[in-house]
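Provided herewith is a single structure, encoded as structure tokens, for subsequent inquiry.
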Amino acid sequence: MTDMTIRPDRAPLTVDVLAGPVSRLRKETAIRWFFFSAALVSIGISILIIWSLVNEAWTFISQVDWSVTWGETGWFPRRGLYDMPTLLVASLIVTIVAMFVAGPLGLGSAIYLSEYASRRTRSILKPVLEVLAGVPSVVLGFFALFFISPQLIERIGRNGWLVIGALIVLTYVALVAGWARNLMKREAGTPVSVQVQRILMLTLLVAGALVLVWWVNGVAETADTFAVKRSGQLAAAAVGVGILTIPLVASIAEDALASVPRELREASAGLGARKATTTTQVVLPAAVSGIVAAFIIGISRALGETMVVFMAGGAADASQFTSSPFDGGLTMTAGMASLATGTDSVVGEGLTFQSLYFVGMVLFLLTLFLNVVAGRFVNRVREKY
Amino acid sequence: MVNVTPSVQDALKGTRVDEDATTATDDIAITVPTAAASSGPQDEPSGDDLVFDVSELSVFYGDFRAVRDVNMKIRRNEITAMIGPSGCGKSTVLRSFNRMNDLIPTARVAGNLLYRGVDLYDERVDPVEVRRRIGMVFQKPNPFPKSIYDNVAYGPRVAGRKKGLDEVVESSLRKAALWDEVKDRLQDSAIGLSGGQQQRLSIARAIAVDPEVLLMDEPCSALDPIATARIEELMAEIKAEYTILIVTHNMQQAARVSDRTAFFSVELDEANDRRTGLLVEYTDTAKLFSNPDDQRTENYITGRFG
Amino acid sequence: MAMATIGNNGAARRVEDEIFKQGRDLRGAGFRMVLLAALAVSTLILIVLLVQVLTDGWPVIDERFGDFWSGTLRSRSSDDALGISQGIAGSFWIAVFVAVLAFPIGISAAVYLEEYAPRNWLTSVIDIAIRNLAGVPSVVYGLLGLFLFVKTRDGNSSLMAGGITLAILVLPIVVITAAEAIRAVPSSLKEGAFGVGATKWDVIRSQILPFAAPGILTGTLLSLSRAVGEAAPLILVGAITGRLAPRDGSFFGADQFFDRFTAMPIVIVGWVQQSGRDEGFAAAAGAAIVVLLAFVILMNSGAVLLRNYFEKKRG
């Protein structure tokens, strides 16, 4: 109080005083630029990825004789045969089988953890998924080759798996049919766009079911080549990929379930619905976008998984075309990895090196598409609640 | 609600008439006559005495105009109270006085807000400099998860002060009437203090940077009557050094501590069907509570609002 | 009362069941069992996996762990000098690259996105870039590394190429987890600091980063374990799976940054591949996996515990 006369607020105030010292402004600006440039790195990396892919893939696209990329006997890059269907079909097989493992297990775990588990159970079981999520894919590759392949795939055998596969496919078809019937019942009063979406999705699922039936049937007729191999087969690799994908599907689905407001559950329970009814009739429909997103991201992950197929997929370097999971084969990713091993041979003759980038670009575009679609579904959940 | 008016009147009487009051009321007893003498609407404060000159201030959140038509002249070493129903934009206006609204990306200010003759929203003005001169105490106590000492010393430290921190911490805590309670545990975490102590710590933290103005947003809303009384006492004590703006929902408090009161209200904005706040009346506290000019003020202070 | 008069009538039972939600809700119980089975199977898989790896690798760990630790990549599994020292060295340096490059850049980017970024198109481009980068398959990062660092050096792979590639790979993970942790800082803390005249940098340094530190640390631990376990990008940039001559230099020598290299997961891949012609490599691979898993699980559970601890502490 005694020094009130020299308090700064007695001196006249100008804009310059309130502008603060230039040095501080400079420092803050410099720091801001530093953080900004760190954020720009992500754009830089994206551009570099796209540029590197396009750059090399373009050479391939413009120089390759397209007749060797379709309808050849298989993927033999070092002989100049780049049969894309070989890789694409193998990727498709691995992804489908993997999702038949990861989908039910991941979603089931998520529902149990989010709707049924007590706090205590949750605190014990959740870490299991978290540990599983951290297991490196080379470990799954090892496990697929030395356990899944001999103990699961080969022991049960081709015929056993065909029966199991048929059962799984039938269950799936039944689920789709039941769901479709439910949808049709509640059709009245929904907007046209939603109806169109539903019908599209339904068509997709039914088509999927038909393709699956056709495929299992086809495998049953043709796959007589099933033999005990020390190098594994696509099915073993696919199960390994599926195991890797479980925690991912579970965690995204669990997030989606957690975002369903508690009031919805309470309202349903308040009407006297049982827990299972509440879960299947109220919670799951409310979280359906997020669950779809979980599946799509799972598919994207399975499509991009490399090491498990590379180690346990039953083919090295090159592969014959096959549509049977009991054969050895190369997915897009495994094809890339096997091209790159064996040291310097990547920078080999012809378009071998460039084919690597062409496959990489196809994979990149596919996963990007899936991730963008999944992002849409996730956003839809966010908007709703 | 029924006895709001009588108690407000009592409070006013207390500040003006009672000669045997504490130091706190003593201070007010000294200032009220001078304020009253210079408080006619025709009397314009100027020069050194005019701290804030607000004219036609509006604050927007995105497209939504939260408050409009704020015209206030705030005098040095006075306590100005801001009252009004919830959502009328008191906090919004208060936060625009030290550019706290800059932290909300959508917030935007229109109109004039002069601080001692300088436009606070001039593009050359650095909000950091503004906030060092115009401190703020928030509605909810928000101690940093650090020691009591570090909480108080935080402001001086970021202002570049390295020496004499012990003295600053002690004098700030003393002014905030917290020193005796915490002097033996300055290194303990501030999170362990009670709500009332935390709020006084926030005040100590705000005055440690030696601001010219203190903005207080419902500083007592989380406190019990005893802690509230202490903070009111404190305000009376420090007002010789600071200019204080206080938002409160407690009309007795406004009547007890303030020299002037601004009453805000809300009206439906037909343009976008949202409720916009506005300044209804701003005048001498005694007048506002005993003989308001505006019917809406009258309704509010007599409890007939809404 | 009404119940009592109807007595043991079946309808009353059903009403009772509905009301008290217990008794023979067979479908509900079945549904619950199916869900529980999903979790149980996942758990079982993890247990079988761990047991399988341990039993496969146990002979090596039990009989010659010391040699195994200090040994190098060899062409025969019976070689006494077969071991993982080169893999350990490679993985160690890769972790260092990740810590030095990805952590500061990633955390800074997160600070920018959460605290500075204005709402404009550039910010949303950055946001989209990071989100999509996190979903790009790891092999594609390998293609990038191959293109940037190997092709330009006449096809010679190097430890540095691998390290930088993996740093790029985990960068989006670091950014996303750090941004989440920063978003959780209560705005009242920031306001309190700004209110006494702190600059943005003051607030970031003294409030935001300390408060977000546990969350950021969790993210960095997770990304470190991801980087150490990742193999595909390293295969692409040409890490050595076959035989790698031991180096003369020291473990910490910076000269090895430009040398051919391997890493723990690559060692495992190599040995698994060679187990086709030389069975002994399977056991070696199992032992190497035990070492890798021990490290990765330690990191992951550390991260999880850290997160749970602070979540609990903050209520």
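Letters A, B and C name the chains as they come in the text, with residue numbers starting at 1 for each one.
Everything below uses one rule, namely that a residue touches a chain if its C-beta (ideal position, glycine included) is under 8 Å from a C-beta of that chain, and two chains touch if they have at least 3 such contacts.
As the structure is a computational prediction, the values presented were derived from the model and not from experiment.
Colleague: Chain contact topology under the given definition, line, ring, star, complete or other?
Modeller: Topology of touching chains reads as complete, every chain touching all others.
Colleague: Which one chain sits nearest the middle, judging by mean Cα positions?
Modeller: Ranked by how close its C-alpha centre lies to the overall one, first comes C.
Colleague: Let me check something: if the centre of a chain is the mean of its CA atoms, which chain is farthest from chain C?
Modeller: It is B.
Colleague: Would you mind telling me which chain pair, A-B or A-C, is linked by more contacting C-beta pairs?
Modeller: The greater number of contacts lies at A-C.
Colleague: How many Å are there between the centre of chain B and the centre of chain C, using C-alpha atoms for each centre?
Modeller: The separation of the two C-alpha centroids amounts to 51 Å.
Colleague: Any idea how many Å lie between the Cα centroids of chain A and chain B?
Modeller: Spacing between the chain centres: roughly 55 Å.
Colleague: When the C-alpha atoms of chain A and chain C are each averaged to a single point, how far apart are the two points in Å?
Modeller: Roughly 16 Å, centre to centre.
Colleague: Name the residues of chain C that each touch 2 or more other chains.
Modeller: Within chain C, residues 199 contact more than one other chain.
Colleague: Would you give the residues of chain A that are in contact with at least 2 other chains, written as numbers and ranges?
Modeller: Where chain A meets two or more other chains at a single residue, that happens at 24.
Colleague: Mark out which residues of chain B touch at least two other chains, giving numbers and ranges.
Modeller: 128-129
Colleague: Of all residues in chain B, which touch chain A in the complex?
Modeller: My answer: residues 48, 115-120, 122, 124-126, 128-130, 133, 210, 212, 240-241.
Colleague: Which of the residues in chain C end up touching chain A in this complex?
Modeller: 18-19, 21, 25, 27-28, 31-32, 34-39, 41-43, 45-46, 48-49, 52-53, 56, 104-106, 108-109, 111-113, 115-117, 125-126, 129-133, 135-144, 146-148, 151, 155, 168, 171-172, 175, 199-201, 222, 225-226, 228-232, 235-236, 238, 240-242, 265, 268-269, 272-273, 276, 282, 285-286, 289, 292-293, 296-297, 299-301, 304
Colleague: List the residues on chain C that touch chain B in their complex, please.
Modeller: 118-119, 186-199, 202, 206-207, 210-211
Colleague: Show which residues of chain A lie in contact with chain C when the two form their complex.
Modeller: For this pair, the touching residues of chain A are 24, 27-28, 31-32, 34-36, 38-43, 45-46, 48-49, 52-53, 55-56, 104-109, 111-113, 115-116, 125, 127-143, 145-147, 230-231, 243, 246, 250, 272, 274-277, 279-280, 297, 300, 303-307, 310-311, 316, 333, 336-337, 340-341, 343-344, 346-347, 356-357, 360, 363-364, 367-368, 370-372, 375.
Colleague: For chain B, which residues count as touching chain C in their complex?
Modeller: Of all residues in chain B, those touching chain C are 98, 100, 103, 105, 127-129, 131-132, 135-138, 140, 142-145, 154-155, 158-159, 202, 205-206, 208-209.
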